[in-house]
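Taking it in order: structure first as structure tokens, then the write-up.
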């Protein structure tokens, strides 16, 4: 149950709030991505693979840690799809399944200061927890 | 939901817009698609002609269900009539529901001139719903009951 | 009490099979108001109609109910029958006992009972019917075309060809519109000016066509067949009747800072100018923002050189009132400003240009005299990137552009790519695209030629960033087919920017009460069946004002609109539908709610003195123009006081039907 | 409030004196402490009786319909919520702006004998939608009455249909059709109400059956939908204590939720939610789906 | 004079075999309704929200029915009341109001619908222990301590004193478990009541000049305009009033016939007595004047000085804009007699 395609897909969609069906497959996200070459699966692939339910492939790829969380793809997407949020959601699902003693929302405050952008902080936390 | 009188037959008024739904009803007829005789159709030029007063009037006079059919949103012969109807009827239905009147006694369905089958299906469903609700007691005027 | 006759039709066995027509006719005899009731095999037959006519005479009937097939089938037939027999045709009601009764029921008892109820409902309604008379209104045989682009020109030519007068009102100093700015046209690669300018000249020379340029429509009232428009002709400061279009002033004018609108503001022009060589009218215009004389009172050089004595700095705006029978909206489009889409760097880099700017750069009359030079350093670009769908096809919530496809960009980009490759074979051309849309005659062949014959590099993917590096523009984008990110060092980047309706469209739409969609394109009366008419009667749509389209489609629509206009102007009188709304002035509150929901702008308000017992006051009351009203009834429901009612479908009529059905 | 009243009085007298206005619509005291009545003053002498304060609960907007027909300008005192009613009447072309001089009156919440008025418990705003000048105080700008305006509606929505039916039958059966709710309502401005018009088909003078009890209030709520500013006068004036505002608020709540936040009388848009639409509007079926989940 | 213990009251009411109408709670209101076990009796409430008029002259009543069968019409007249009943706990002012109604409905031509109800009703009056501050009945000759009823009750804390004054009253009281009581105790109560009423804010209201002799003077008073200005033209005052007796006759189309009924009308309404030519009271000024002129001038001048206001104070309580008859009396009359 926990690993059924349906469950995984629905969870990712719920966490991210993204509707991949809105994607018109223009590739703007991947054209925008500053860490494209490092990633095995690229932002546009996240969208189509989530839509097809291939979540496990994505979870098992390092791509989820390589996303910088810069959200350029979210900003630029002409269809309001927000691929970056999907990457984040898959990563979060992965963390949940690993059942790591994740830091809760309350702990984030300790890391935050006025200079570090929130998104970077989140991305960094994701990366170094690997 | 009990129906006290086993011989009870519901009275159902269907307001149909001239351009789509009335033609859809005609098509249902040409296709010999059955639906109960309890449904009687009133032709109006557009769903936006259906005044909430007409709906209340039908209930007052003992109708058990009222259904309004119009062109699909975007297809209105008068371009925007059904958009206004949609808001007006939503508000009316909500108000009736708020007053505790069975919300399933009212319904809106968009039926195009090509959807004879949909018209018949909709009417069959609606009549069934009204049968399960039984007689309209909450919004009728007792003076209009035939004694 | 009225005298009503009821006529029950068997329709052979179609009705009589499941409805006991005799029982229905018998039952109707007991209904109050009914003085005659009978049944017959085929009411719509000549014999059936005669039966009706005879009964009308014999029983002095005031109205008839025919219980038969759908009114959509024979309502008109029986109305004519009634009229021929001396009855008002609107004193006829049809009870639909075939499509809505006999054909859907199998049980004869059930069918008969329902048929009686339906006939009773028709009688109940008929008891409230009033004789209605269709009105007529005269038609002014002149057409107003708003916008003098190819759409407006074509409509005007066609209407004029049929012998009717046409006024073209163009906001710019010359007609020609966007097409005049184009270099070549796809897919034939005709020179745009070569095919357009003869049409412009033809329009100018047609004595039925009156071109009112540098003008705008300020106010329109009236209705189909009887519009009255107020047109403001802006002061040109040049007498149109005297100017010869000699251009002698060009080098004398000390002001050189005006932006050349025709060349997409890529170069400057004097304060006095003619937009382009083939302008119609070929008359100069003075830009009041730039003219030294108008601003400081000192100069007047152009006046001195003008041998025709055409310059008149004191000229004022002129207001003219004209009457029209039909109005054609041909307001056209403009490309969007891509500056807000900052990844393309349009605002920062002179070498990121729009496609329309490229048209001017490639045109012999353009700022570079037709040599392709990039704007920043006037060098020849060797690597050019085209980016498609800039600001088109965007989700509305992103605020990144328009939700629609601009339709023409795929083709003109293929055209540009092909022309550049043809003229400058040393130039590499890349096109970033999402889809290539080529649904048109010879369109896909054209696109394939660009790829196969001219070697244009089509990359499926979009561009994420354009950044200047040295004298190159680094274009980073995705190549979805090879699943990699690509980076191209380009010399010139061309954006296929979305097109949007001309900014003047919204106010014109409001003025005409012609409905528009959320993107400010005019909506058509029916998306499929009435594509060149506005829902507002007498308003017709031509060209991109209605939605993105290319030149041949525009011309086709323009001619279609002209055909509709001609059809209207050919009539001496319009017969109006008598089933229209009407306001009871004694009940009207003047609250303007009805006006808000009227899709046709048929409702206006007047101040009327109302006198009654103890009342004598001036009230604002609604009036419905029966020539404009189409009878939808939206206003009747919005009216809180019940002042607004719809003839033929009055509140009383419908409630009488409800009552009859529910008893 | 005393200070506001004094300034108001002085200002009104000055405006009467210099001919800017011909009369002043305000309040005067009654027999007791609480029973203030709306009153019209035509000169400085009459203005002696002018009062403004905690018992000036009545919304004077509706009186403006008649006052607007008189010669010259009328000065009218409007509290923040009253200005919405006034502005809505302007939107509906029932009033001419230039016939009035509006003093926006600071309000710290109105009372009657029983305490704070129901409408003041859930005060909508301290902003004036329309005015010529404002006479208020720091105190009056502070928010008052912070109860959730839609709480009563939400409670009813939580009930079953039968419970709601019983609730409303209980309430509406008390109706004596005195028409106070209609006559005080600034949105009910029909020259002739459908209930008084024999030709309307719904004319009735007494709630003879439960249908007629329902009908009057359904139609009234529906007719003012989108135009009702939720001024709360209907409930205030009902001699039978029927919570009529709950009907209007339900429609306001629905329209806000389905068609976007909207406050009648605010802003310059004359269209109401029921005289506008979007292509993506909810289908009427949304009512049937509610609570079905 | 008889008396019974306070706790006997509900038992006595329940024991009455005919229907009993009494002031009971209906939500936040107190109205005269048919008493049934479990209802909250509110004999303490002075100035009930609705009046006993509701029983004798209900807001609406059917008169006749026309029935259509095909093209034939059949007429059925509504039956008159024929069942005995009791109205319990009616105050002196409301009883005086019934006398006003009698003057209207029992005078020739007799209103048989009203007459039948009046005849079948027995009225149990209730002396007022505690007045409301809006009471001013004494000004209209009403004695709150001595209602003119078939049976009268006086509250005395732990017990009720009672006395029957008519045959109907004696018949009703027959089965009540009462015991003999001291007349003097009741006299004391009456005296206490008198003191309380004399101290009320409107006790000294002066009615001089409200008579037929000053009719035109009152009618032409310029004060009506200002007095009526805030009036909404609603019917609250008339429907709360125990003496307002105007009605309208209406036809309801049932679809298969006509139900003819009458219902209360209000002279405050713009369509009151509307005629084909319109109305002779075109604005609220005339309508407002009509109501008070009727109560204070026209009615007494035709009815031996009997005012059709009984000083119950309900209009003071109910008017949404705080208009009332006291303001009118003060404005048009000579104010308080001790002014």
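General observations
Letters A, B, C, D and E name the chains as they come in the text, with residue numbers starting at 1 for each one.
Throughout what follows, contacts are C-beta pairs under 8 Å (C-beta built on N, C-alpha and C of every residue); 3 or more make two chains touch, one makes a residue touch a chain.
Owing to the predicted nature of the structure, the values given are computational and were not obtained by experimental measurement.
In the absence of chain D, the touching network of the other chains holds together as one piece.
Taking the definition of touch as given, a chain qualifies here only if it contacts chain B and chain C alike; those chains are D, E.
Of all the chains, the one whose CA centre sits at the greatest distance from that of chain E is A.
Of the two chain pairs examined here, B-D and B-E, the one linked by more C-beta pairs in contact is B-D.
Centroids of chain C and chain E (each the mean of its C-alpha atoms) stand 68 Å apart. For the pair chain A and chain D, the distance between mean C-alpha positions equals 51 Å.
Chain A and chain E, compared by their mean Cα positions, are separated by 77 Å. Rounded to a whole number, the gap between the C-alpha centres of chain A and chain C is 45 angstrom.
Within chain B, contacts with two or more other chains are made by residues 52-53, 57, 61, 74, 80, 84, 88, 141, 143-144, 146. Within chain C, residues 597, 638, 651, 655, 659, 662-663 each touch two or more of the remaining chains.
Multi-chain contact residues of chain D (touching two or more other chains) are listed as 194, 200-201, 208, 274-275, 279. Of all possible chain pairings, those that touch are A-C, B-C, B-D, B-E, C-D, C-E, D-E. Within the complex formed with chain D, the chain C residues making contact are 518, 586-593, 596-597, 605, 617, 619-620, 638, 640-642, 651-652, 655. For chain B in complex with chain D, the residues that touch the partner chain are 52-53, 56-57, 59-60, 73-74, 80, 83-84, 86-104, 106-108, 138-143. On chain E, the positions that touch chain D within their shared complex are 26-29, 49-50, 59-60, 133, 201-202, 226, 229-230, 232-236, 238-240, 248, 250, 252, 261, 263-266, 269-271, 316, 318, 320-324, 326-327.
The part of chain C that touches chain B in the complex is made up of residues 70-72, 96, 98-101, 103-107, 110-111, 113-114, 117-118, 121, 515, 523, 525-527, 535, 579, 597, 599, 630-634, 636-638, 646, 649, 651, 654-655, 657-659, 661-663.
Within the complex, the chain C residues that touch chain E are 30-32, 612-615, 659, 662-663.
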